[in-house]
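In the part that follows, the structures are each spelled out as C-alpha cells.
Here come two complexes built around chain A, the first alongside chain B, the second alongside chain C.
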Partner chain A sequence: MAVSIYLPAILAPLADGARVVDLEGPTVGAAVQALTQRYPGLTPRLVDERGEQYPFIAIYLNDDDIRLVGGFDATVQDGDELSIVPAVAGG
Partner chain B sequence: MAQLAANEISRYSRHLLLPEVGKAGQARLKDARVLVVGAGGLGSPVLLYLAAAGVGTLGIVDFDTVDVTNLQRQVLYGTSDVGQDKTRAAEAHLNDLNPHVQVVRHSERLSSENALALFSAYDVIVDGTDNFATRYLVNDACVLTGKPNVYGSIFRFDGQASVFCTAEGPCYRCLYPEPPPPGLVPSCAEGGVLGVLPGLVGVVQATEVIKLLLGVGDSLVGRLLLVNALAASFRSVRVRRDPRCPACGTREIRELRDYEAWCGASLPQDAVPEIAPRELAARAARGEQLQLVDVREPYEWDIAHVEGARLIPLGMLDSEWPTIDATREVFVYCKGGVRSARAVAALRKRGFDRAYNVTGGIVRWREEVDRTLVAY
Partner chain C sequence: MTTTLSPSPNETGARTSRPPAPHRLFCSRCQLTFDAAPQALCSTCLGPVQPVYEHDVLPTREELQRRPRTLWRYAEWLPFAERPVVAEHVGFTPLVEAPRLAQALGVARVWIKNDSVSHPSLSFKDRVVATALNAAHAFGLTTVGCASTGNLANAVAAAAAAAGLPAWIFVPADLEPAKIVGTTVYGPRLVRVRGTYDDVNRLCSQLADRFEWGIVNVNLRAYYGEGSKTVGFEIVDQLGWRFPSAVIAPMAGGSLVTKLHKAFAEFARAGLADGEQPRIYGAQANGCAPIVRFIQSNARVLTPERPHTIARSLAIGNPADALTARAAIQTSGGWAHAVTDDELVLGIRQLAETSGVFTETAGGVTVAAAYALAQQGRLRPSDEVVLCITGNGLKTPDAVASVLQDAPEIAPRLSAVEALVAAAA
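Presenting the complex of A and B:
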C-alpha cells in the first residue's frame, strides 16, 4: 500500500530536506518504521524508546488523528496521506 | 446593547453592508471584550485587525519591551518603539487606528496566580504566546473559566490555528496531552520564523474571534488548520475531544499548576556544569588558550561568533566529537545555551569530564563581553 508521509519543516532536515516521502506499509506503524529505516536520524524524533507515539507529536491518517483510528495498528489504503504534526510553540 | 455613534457608522460601513454583521453585529463587536495573550508576531495582526473591526475592549498581556529583532514580523510596532513597553506602544498604535476601542494594558507575565481573574473579565482569549508553559496555562485557564481559546502557533514556515475550549469542542490538551521535553523543539528565537507567517496565522485567529463574537460561519472548533507557507497550502485535520483529557474530559485539573516546572522550562534540560561568559573572557584575557566549540548552524556562525572558537553544528557532533581534545577543558556555546547544554551532556557521556556549557550562549557573551558582535 503506497502512502505519502508529510513531514513538518522542523523534521525535514533529518530526512535530507524532504517534506513528502512515499512509502509502503500495510499499517501506519509499518509506514513509520519504513520511514525511520530510510532516515534513521528521524527515529528518536518520531517514536519513544519503546517505539510508541509521543504525546507531543500528532500523526494524522488523512484527516483523522491515528489515536482515534487504531494508532500504529491502523491499516492504510493506497494513496493515503500520513501527516506528522508536532507541537510548536512560536508566536 | 451598545449604540453606534454617527462617526462609528461611517467607519464600519463596509461591515454594516454585510447582512451577517449589520448594525446588530457591529454593536455586538463593540460590546465584546477580547484578551490577547502575547503581543508579538501573532498578537500584532490579531490586535490590529480586531481594533480595526471595532471590538470594543481589547486587553493585552505582555511583559516585554520592543526589540529590534521583533520588527521583521511584529507589525504592530515601529522603529521608534524599540526599547518601549510593548503594551504601551501597542496602546498608542491601536488608539490611533481606532479611538473607539478601549485598550486595557496588562503589563505583566501571565501566571497561575493571575490567569483566572484576568480571563474572567473577557469573552474570548487569544493565544499568541511563544512557549509551551504559557500555552498550557492559557488552555487550562480557558477550560476553567469557560472561555474560548483562539489558538495559533508558528515555527519557521509552518503554522497551526484552531479554536479550543468551547462547550462542544476539544482543548489543546486533547491534541497534545503533554509538551515536548525542553530543548527538543527550538523556539523561533533559535530556529527562526518567516516574518509573514505570523501574519497568515494571526489573521486567521482574528477571523475566528470575529466569527465567534458574531456567531456566524463554521469556526475552527474541532479542526486544526495547518499552514505551510512554502507549499502555499492550507489544510485542516479533525481534532476530537478526548474523554480522557484531564482538562476538558475528566476535569481532574481543577486549579492551575506550576506550568514552568511541568514543562521543565525553568530546569536546565540536562543539568550540566556551566561557566559565565564574563569568567571565560577573563581567563582568555589572562592569556589562557581556551578550547571553545560553537554548536550553532553555519549561517548563525556567519552572523557572529566568538573569536578563536571552532564550529561543530550540533547535528555533526556525533561524528565530529573525536576531533575535540578530551584531555583539555572544552567550553561549548550556542545562541542561548539550550543546544550547547545538550552538546555538553552528550560530550560528558563520551567521557569529556571537563566539558562546560557557556551560560546564555553568544547572546550573553555579547552582553557581557563583546558589544561589537551583531545581535540576532
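Presenting the complex of A and C:
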C-alpha cells in the first residue's frame, strides 16, 4: 500500500530536508518503520524505547489520530496520507 | 477609565512603542536554551519550551501594590524585558467572595475568580493573548491567528483589532453562535473548519509551518502560556498576599492548572505569599475528560478522546498539557473530577443563584466539580476555596435556556400581578 508521509518543518532536517515521503506499508507501523529505515535520525522522534509512539508527536491517518483507530496496527489503503504533527500545540 | 502601566523599578521616562524584548527559551526536558523566537518546541526532543527568568531583584508586596491594576503589574514574572505595547489593559478581574456558595459546599470560605468579566472579551483567554500578541509584535509578525474552541477566537480577534493586526482564526464549524458573533464583530478572517477542535489544532500546527503568522497557541505558545499565570498571581494578591487552601479550575488543554501551579510556586519562592501552596483540582466534562481519566487511572500515556459534550470550550480530546497538568495536580495534593452535562448545567444555575455570577459551560463544569469534590470529602470544612470562573454565560445561553423557568406574560393590570404574587406565596 503506497502512502504519503508528511513531516513537520522541525523534523525535516532529520530527513534530508524532505517534507513529504512516499513509502509502502500495510499498516501505519510498517510505514513508520520504513520511514525510519530510510532516515534513521527520525527514529527517536517517532518511536519511544518501548516501540510505542513518541509522546511529543501526534500521527494522523488522513484525518484520524492513529490512537483512535488502532495505533501502529491501523491498516492503510493506497493513497492514504500520514501526517506527523508536533503534539504540543493548542489549548 | 484609562490606565497606563507604571514604569517597572528599572524603568523611567515616557512610554515607548519599542518592541517588548521577549525572554530566551529553555527546554525543561533536555535543558537546552534557545534565543527568543516564535518557537514552542525544543528542536531536539520536541518537548515544550518555556521562557527563562533571570532576576537580580524582585519587587516587594508594597511595590507591586503601587502598580496599576492590570496583569502587567507582575511584569517580573512575565516573559518580556520591556513594557508591553499592545493589550495593556488586561487582567485584574474581581475576586468575589461567595458566602452562600461556601455554605452550600460546606467549606469555610469560597471566592469566585471572575474572569467572566475579563476585558476585553469576557474570558480568561484575554490574558494569554496579551502576552502572545506582545511576543508577535516583538518578533515582527504582522499577522496573528489561533486554533480555538471559541473564547480564544474572541480574545485574539478583539486584541488584534485593537492592535491593528490582521488575524486568521480557525474554529470548529459547529461552534456556538454567540462565539461566532463575538469573533466576527471585530473583523478578523474567521474560518470554520469541518471537524473537532483537535482537527482545527492539527491544521493550525501545519499552518504555522506554511505561513509566517504568529499563531498564538502554536508557535507563540511559550509566551502565550505565561499569561495564564496571572490568574494565580492575582488570587494571591487579592487575598492579601496569602494562598487559599484549594483552587478548582476547568481543564481543556491542561495549561491553566499547569500555570496556576507555576504561579503559586513562583510567588512562594519570592516570599510574596503566606501559607502553604493550595491543592489544585482540575475539572472536565464526562464527554471529554482525557486528563481526568489520565489522572484517575494513573496511566502511563494519555488516551485521546472524541469529544461529546456541551462544554465546547473544554472539548479538547488530545490535550497538549496533560503531562504537566497531571504533575501540577498531583504535586499540589489535588485531584481531578469529571461531571455530566446535566450536572454542569445545574452548576451554571447554582453559581448564578448563590453568587450572582453567570458563567458559560466551562464554569458550570468547575462549580459542579466543586460540589462533587465536597461530597467526596476532598474539600474539607476548614477549606478556603477559589473557583476559577473562566468565561461569561452570555456566550453559551442556550446551555441553560431550556431549563430555566418561563417568565409569565400579563396584561398591564394590578390584578394580574396580585394573582401572580398570590400564586407564588
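Descriptive notes on the structure:
In this section, the second predicted complex is superposed on the first by the 87 of 91 C-alpha atoms of A that agree within 3 Å, B and C clash if a C-alpha of one lies under 4 Å from a C-alpha of the other, contacts with A are read in each partner's own complex, and residues count from 1 in each chain.
Keep in mind that, in the parts below, a contact is a pair of C-beta atoms (placed from the backbone, for glycine too) under 8 Å apart; a residue touches a chain by one contact, two chains touch by 3 or more.
Given the structure is predicted, the values throughout are model-derived calculations rather than measurements.
Contacts of A:56 after superposition on the shared chain: both chain B and chain C are touched.
In the superposed model, A:17 makes contact with neither chain B nor chain C.
Look at A:40: by the touch rule set out above, it reaches neither chain B nor chain C. Look at A:8: by the touch rule set out above, it reaches both chain B and chain C.
Of the two partner chains, chain B and chain C are each touched by A:85. Comparing the two interfaces of chain A, the one with chain B and the one with chain C have residues 8-10, 45, 54-58, 60, 63, 65, 68, 83, 85-91 in common. Taken together, the chain B residues at the contact with chain A in this complex read 38, 40-43, 127-132, 135, 152-158, 160, 175-180, 184-188, 191, 193, 198, 224, 226, 228, 230-231, 236-240, 315. Residues of chain C touching chain A in their complex: 40-41, 43, 45-48, 147, 195, 197-199, 201-202, 204-206, 208-209, 217-218, 221, 252-255, 301, 303-304, 306, 316-321, 323. Touching chain B in their complex are the following residues of chain A: 8-10, 13, 19, 45, 54-58, 60, 63-65, 68, 83, 85-91. On chain A, the positions that touch chain C within their shared complex are 6, 8-10, 45, 52, 54-58, 60, 63, 65, 67-68, 83, 85-91.
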